[in-house]
Structure formats: C-alpha cells, structure tokens
Amino acid sequence: MAKLPTTRIATSDASSITIRGRDLVNELIGRHTYTEILYFLTVGRMPKSGETRVLDACLVTLMEHGLTPSAIVARMVADNVPEEPQAAMAAGLLTVGSVFVGTMEGCARILSAGISKGGGDLDSYCREVVAAHRAEKRALPGFGHPIHKPDDPRPPRLFEVAEEAGHSGQHIRLLKQLGAELDRQAGRHLTINATGAIAALLLEIGLPSEALRGIAVVSRAGGLVGHLLEERETHSGRAFWEMIDRGSPYEDPAG
Amino acid sequence: MAKLPTTRIATSDASSITIRGRDLVNELIGRHTYTEILYFLTVGRMPKSGETRVLDACLVTLMEHGLTPSAIVARMVADNVPEEPQAAMAAGLLTVGSVFVGTMEGCARILSAGISKGGGDLDSYCREVVAAHRAEKRALPGFGHPIHKPDDPRPPRLFEVAEEAGHSGQHIRLLKQLGAELDRQAGRHLTINATGAIAALLLEIGLPSEALRGIAVVSRAGGLVGHLLEERETHSGRAFWEMIDRGSPYEDPAG
Amino acid sequence: MAKLPTTRIATSDASSITIRGRDLVNELIGRHTYTEILYFLTVGRMPKSGETRVLDACLVTLMEHGLTPSAIVARMVADNVPEEPQAAMAAGLLTVGSVFVGTMEGCARILSAGISKGGGDLDSYCREVVAAHRAEKRALPGFGHPIHKPDDPRPPRLFEVAEEAGHSGQHIRLLKQLGAELDRQAGRHLTINATGAIAALLLEIGLPSEALRGIAVVSRAGGLVGHLLEERETHSGRAFWEMIDRGSPYEDPAG
Amino acid sequence: MAKLPTTRIATSDASSITIRGRDLVNELIGRHTYTEILYFLTVGRMPKSGETRVLDACLVTLMEHGLTPSAIVARMVADNVPEEPQAAMAAGLLTVGSVFVGTMEGCARILSAGISKGGGDLDSYCREVVAAHRAEKRALPGFGHPIHKPDDPRPPRLFEVAEEAGHSGQHIRLLKQLGAELDRQAGRHLTINATGAIAALLLEIGLPSEALRGIAVVSRAGGLVGHLLEERETHSGRAFWEMIDRGSPYEDPAG
C-alpha cells in the first residue's frame, strides 16, 4: 500500500499532544491567545506582539457586518436544523466566496506580484494593472464599496494600527499607490475597501496569500456564533422565508 | 408584508459600522482581540481579562489535534475544489457534531441543571445522573477518551488556568464530583476529557450552553487554515483517497 | 495497520466498473432509469415496475415547492460563489433537516414500530401513540401543514398511485388509522401531509426508514438545479439580501 | 422596499401546487419520472422519450464509482453526525468540483463554442483548441483517465445509447474529432472519458452547459444514499480515520 505523506502539524500519544513541535498542554494552553496560535499554525512560527496586534485588527474588522449573506444563510439553516449548529455555520461560511471576501486574495496577488517585481518601476506596474482591469471592465479587487461611499471607514483605522504596530510597509504603500492611479484613470474616487486593506496588512505580517480566504472564514465564524444565539430568540429564518416566498411574484412560464 | 424581527447585532451606514452599540472603527478595531470580540458578540458585554484568558485557553485547546475527521475531510474537499478553500473548511466543520465535540454541550447541560438545582444535594444529583447513564448504557458526556488513557492531559491544565484567572467555581467543582462518582460506580477510573473540562470552564465565564458548539467550530476553523496550507504542498487528500480505495476490499453482494 | 471494512457497493479495474455485482456499462447504462438504480443502490435489488412507479411518485412530489429554505439558501450561496454550483446545492441541501422533511423519518419509525408489533391491536397502538404525543405537546410527525389546509392535496394522489401500482398495504392503512385517531383525540381535522404519505409509500416498497432522509435530499437536489439556472438570470440572492438587511430594524442593545 | 424578482418555477395555495404552469398533483405525480421532471425543471419543457433515455443514461453513469472522495467524505461526516444524513451528503457533494467532475463543463464549453462557430472549419477549431491546451500544458477537459486505460469503457456505451435514442449529433461528432486531433498532436492515445461523453450527450438533448455541474450533483447524490446505509453497518468512517491518522508520519518542523 502506498505511503501517506508526512505532516508537520501535530502528533499525540496517551499523555501528550504536540503541535508543530510545541507541547500543547505545557507550552500553549493558557500561555498564548487564539490569535497567536492561529498565526503559529499558519506561518509556522510564533508572532511578535506587533504581528498579533495586526492580525487581531484584521480578524475583528471582518467578524461582523450585520445581516450579510453568511448570517442570513446560517440563520435559515439553523431554523431547519436547530440541533446541529455546525451545519448552520458551515452553510453560512460557504458564502465567503470570490464575489465579496475573495477579492482579498485577488488584491493580495496583485500586491505580491508588484512587490516581487520590486524596484523603482511600481509606477508603471500600477498603471498597467489598473489599465488592464479597466480594459476588461473588471473591478480592481480591494477597491470600491456599494454602501461605504465615498470612503470605507475601516481602511484608515487599519493603516493606523499597522503603523502603530510597526508593520506599515511596502504592501500598504503599493495599495495606496494603486488607489491613486485608479482614481486618476477612472476620473473619480474609488475607496480602498476593507478587504483591500486587510490583504495589505496580512501580507505585511508575513501571511501567505493562500491563507487569506481561511483567515476570513475564521473571522466570520466568530460572528456567526452570535447570530445563531439571536436566531434562537427571534426566529428570523422563518420570517425571512415568509417574506421572500410572499414577496416573489410567480410568473407563468407559458404566459 | 410581515415585518422582520429586530436585530441587536449590527447596523451600518455610509460612514460607520455599529456592532452591539459600539463603533467598529473607533472602539473595536485595534483595541480588542478576536477572542474579546467573540465573547462580546456571544455574551453581550466585553469580557474581563480573566474571562478572556479562560476563553483563549479553551479555544487553543481544541484548535488542533492532527489528522482528525475535520482535517481529513477538509483536505479531501480541498483536493477536489482547490479554488474555494471555504468549501473545504465548511465540509470539515460539518464533522463538529454530536459524537465527539458535541459531548461538550451534553456535559454543559448536566452541569447547568445541577447548579440550577443548587444547594447541598449535589451528592445525590451526581449519584442519580451517573446511575441513569449507566442504566441506559450511555457514556457520560465529558468523560473517557479513546487515546488519552488513563488521563487526558488537557483538563488539569485548563483547571489551573481557570484557577489562576479567578474563574474556578461551582461548575468545575461539580464536574470533578461527577468524575469521582463515575469512578466509584464504574469501579474503574474514567478521565475527565477536554470537552468536559471546556464545558465547565465556559460555563464559569458566563457563556450559554447553546453557544458551545459554535465556540468549538470557531476553534477548529483556526486549525483548518494550517491544514489547507499543508495540503497545497503534500496533496494528502489524493493519497488518502488511493489508500482507502485500494485498501477496502469489494465483496460481491450475491456472493 | 488495521484493515479497512469491506464494501458491497462497487469496484473497478482498467476496463470495467462493477456496481453491486452488475456490470455498469453492459447491464446498467441505457437499460435502467435513475430511479431504478437509486432503488437498486438503496435496497440491494432491482425494483419491480410498481415499486419504481411509487418511488418516482415520491421523488417527484418533493422536488419542487418554490422558494423554500433550500432554494433561498442555494440562491444566496450561488450569488456569492457563482463558479461552484455544488457549494450552493450543498448549502441548500443542509436545510433538509428535522423540522420539515425529517418528519418523514419520525413518521416512518412510528409506522414501522406499529407494523412490527403486528396483529389486531393497531387500535390501541394508535390510541397510545397519539395520546403520548399530545401529552408531551409534540406534533405527530406526518400530520398537519401550515399552508395546505384543511387538506394537503398530495397524499390522496400518492395513495392513488400506490393503489394503482399494487403497493397499497398495511403502512398506508396504519397511517390513515393514525390520522383518524388524531382527529378524534384532537377534536378537529389535521391533514396527513406529504412527508407522512411518502413515509408510508416508501415503507410499502421496502425502503428502510434510515434511507428516507437521503431520498428527500435526492429529490430536492433535482429541484435546485432549476433554481440555480433561474438565479443566473434574476440575481434573486442579491435582492433577498437587500430586502432582509433593510427590512430588519436594528435595536440598540443598551437602549 | 425594493421588489423581489419574479420566479417562473412554482407557486402554491391552500389546495394546489403549480410547477412551471403544471398542476403538481394532477399532472406530474404518478405521470412522470424523476428524470423527466429534472429535465422539465432544467430545460423548461417536458422531454421527448429519447431525451429522457439519454439523460437517464448520463445520470446512471455517474451515480456510483465506489469509494470516491464524495463517498469517503460523506461516510466520515456521517460517522460524526449520524442524526443528520443530509449533512454527510452535503459534505460529500462539495467534492463535485472542478478537478474531476467539473471537467464536464469545461468540455461542454469547448464543444458549444465550436458548434456555435459552426461551418466547415471544425478541423481548424480542433487543431487550435488542442494546440492551445498543449502549449499551456493544461489537460484537455473530457479526455484521459487515471484508471481506465487505454480506454474508459463508459463513453462507447453512452454514444450507443445516444445513437439508439436518435440524439447522436454534432456535439458527439465534435468530441470524437477533438479526440482524434488530441491523439495526433500528442503522439499517443488519450481516451475520451465519461465526463467528456456526458458533456456531449447532455448538449445533444438541449441542456445548457450551466446546468451540468448540478446534474452531476444529482447523480452523485443518488449514489451517496447507498453509501450512508452501508456506513451504518460497517463504520468505515472510523476505520478511515484510524488508518490515516496512524499512517501519516509526523515530522518535527524544527527537525
């Protein structure tokens, strides 16, 4: 039988659990926060305090934005499967897709590619990236917001936290430069949005862009716990259903 | 059209986001950790530092235990849907069910019921609960572990953290009392396991038992981010599939 | 390494695929319908034509009921993850839970238990079952409907199909007897609903009650394909979100 | 409040349910098979009998292939959440993604694009498509199979069924032409696989390529019902877990 690949994540025996070389009981529980271990499991080393602060700020930013699709879906599933809250949470988390939150990764890839090219030609890089998106009529990931106009209030605060934590570097600078170029070519102002700012901050603290969707899922999972508790009291899922069913007119296909 | 229920969770306008009465940008981002906001969204008030420490300890305890069903399932889905990591995470989180982690809630309900009865008759409460489970040959939730024998190493550390944080109270005492009674009636030692200890600690810091499954999902979600990153390198999902397919003999139903 | 359990379902080699002892290519494809193979995979033998007709009738009954939670959830996920329709379908299918469709299994268990007791005491069985549910103020699974009053139009047609197909037997009789007893004890008429009738029909054709939830999932999956196609044109998921978000008043928790 | 979009799928009142203009009770239940209604809901008109036969053949082909990722994932979730089989099925269905089954859509898009270009230049179309995939070292969707070598046994039977049903037309011809060109450019034989053949057959009977993933989900859902029944007896999910956990060596990250 074929061998299975190795894992560097964890092992255990009757009396101990080892997580990436550390003893869970004696080195991790009670000594590190959830956010620190999330960083540890994602990056492979313990974060410095500034990195933890930036990661916490990003996680807190995305935890809650009210009745978003993730919350609505989770509430409706919970109304139908009240005994298994993880089913409601899983359904809600499936919405953390390419359309809204996934722009975080698209933005991260653009920032990473620009930085890895490096050097003095970031001006031309910004011009080309913005022009290419405009030519294909694609939105530039990390910019624009349907509600928060003219400016998303979260990015300035996130940049401030990064600055205070000593992690305001080239990715954040490039994001701002892209924004200026986008405004110039578009002839109007488009805000840097929260997912754009978070993409830049998470790259600053060393997270790989492949981890960003997962980080968003973790953040949103935290918010859903509160939604499911409120759902037990208000039974909103049932009300959503009735409103949608009654409010959607039926049109005879033969008509 | 029927009115929708109110929500106490969040609202927003063009320039601000309000989470349970607090301004996200000015009061939460950069000022509170993920764990603090998780508590805030779940309990409805900001935690004191001892409460945060206990919640962090519980979250860290469940984040990672190697190749558990949640990790295996997430890796196999990621191998088939690499572009949408949230699908892999959602599938993995669906395993956070009644069989293993859900014992946390069963244990919490037993502890809560005992405490709310209150008073000096906890001895008889323990005798009755243990006897009832033994009579129906049901495992007492929160006790026993297939690998960690004779004792799960995590509960003593969790109790220590609760003690240090000033949150070692009646729920933890009742859990230990139940364990002693279980050993007496069973005539052998059964360990308090991690989900039992976490149930007691989370009740000590004021979380409702209805939130416990969600807390477990949040914890495990953090661990899955690392598994999905490793999966990109090792392609373990493909190897699991081959091993299972080749290792499972086919038996002719007519045979 | 421990051995894996055997499977009686399928095996394959370079040039053939064997499903429960039959050659997929030469014996199944083009010779049997989806419904026949569903029966074959569930019961372990090919259905007779009357059994197929009953199973088809049950599947068709549950495929579509408009904007139910499964369709609403699937549409909202599709709006957020348009590239992976299986994520939308999976999320929608998670709603096929205990609250509505799952009553099918509860009803099937009651019918099976009554029949296996057998004999002339079905009168007293019905009296006891109805009385027990009424005493605990629990709905009798398979009875009542929020919209279809006084009578769900589907069960009479399902009973007719079963009669025509030669599969109207003791489970259907017991279901009707339970309904009469329920009306008597309640002092008012409660309809046999579609899930109750389907439970009885599926037991008549030999399906195990453990398969019923899965059959419901298959049925509903077929309906969701059409919803996802319509979603591509109408973008209803976005409209549902806006309506819910704007229609749910925020209440300040401190207020 | 904004209006919701109309729906052409279904409506109901107290005494009737209307599906795309047909009365569910009097026109559909007992008169049409599951496969016919699946076609009806997907294409918007009732199928002719040849179309039904082709759709059934395609559905039956994908229902079962033993311990594939969808079955393994479903079994592992069922082992952890035995009370809610729809959670296991949903998790399993999440694997119906771009890597294996999703190639069906890629193939369908290539076939559709070729046909809509039309005319006598299909030779050059095939040359260009194959050359483009080879230049980018991408697999041509619908061709090749890891196990079924040199030839997948399912496509010839599917083509035969299409022929018998009167639905062997230009999409199937183009698929074969692509295969010949692929062999020529590759200098070796690559089989048309089942997803390629199904893509061609489903286009022949008028299904939109956007529906193909959903059709695959429906097909696979039918197979999972049998896997979950077997899982109740063999507890394979537990065995898979143990084998994977024990068989995956831990490597110290610091090592």
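Every chain is named by a letter (A, B, C and D) in the order it is written, and numbering of its residues begins at 1.
The rule is short, and it goes like this: a residue touches a chain if its C-beta (ideal position, glycine included) is under 8 Å from a C-beta of that chain, and two chains touch if they have at least 3 such contacts.
Everything numeric in this text was worked out from a predicted model, so none of it was measured.
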Exercise. For chain A and chain C, what is the smallest step count along a path of chains that touch one another?
Worked result: 1
Problem set entry | Superposing rotation of chain B relative to chain C, computed on C-alpha atoms, to nearest 5° | 180
For this session: Find the chain most remote from chain A, comparing centres computed as mean CA coordinates.
Result: C
For this session: Select, from A-D and A-B, the pair of chains that is joined by more C-beta pairs in contact.
Result: A-B
Exercise. Taking each chain's centre as the mean position of its Cα atoms, how many Å separate chain A from chain D?
Worked result: 31
Problem set entry | Rounded Å distance between chain A and chain B, as computed from the means of their C-alpha atoms | 23
Exercise. Residues of chain B that touch two or more other chains: which are they?
Worked result: 1, 3-11, 66-67, 81, 83-84, 86-87, 90-91, 94-98, 236, 240, 243-244, 247-248, 250
Exercise. Taking chains as nodes and touches as edges, what kind of graph is this: line, ring, star, complete or other?
Worked result: complete
For this session: Sort out for me which residues of chain A touch chain D in the complex.
Result: 3-11, 18, 20-21, 44, 81, 83-84, 86-87, 90, 244, 247-254
Seminar exercise, completed: In the complex, the residues of chain A that touch chain B are 1-17, 19, 24-26, 28-30, 32-35, 37-38, 41-42, 53, 56-57, 59-61, 63-67, 71, 83-87, 89-91, 93-98, 147-149, 151, 153-154, 157-158, 160-161, 164, 208, 210-211, 213-219, 221-230, 232, 234-236, 239-240, 242-243, 246-247
Exercise. Which residues, counting only chain A, touch chain C once they are in their complex?
Worked result: 1, 66-69, 72-73, 76-77, 79-84, 87-88, 90-91, 94-100, 236-237, 240-241, 243-245, 247-248, 250
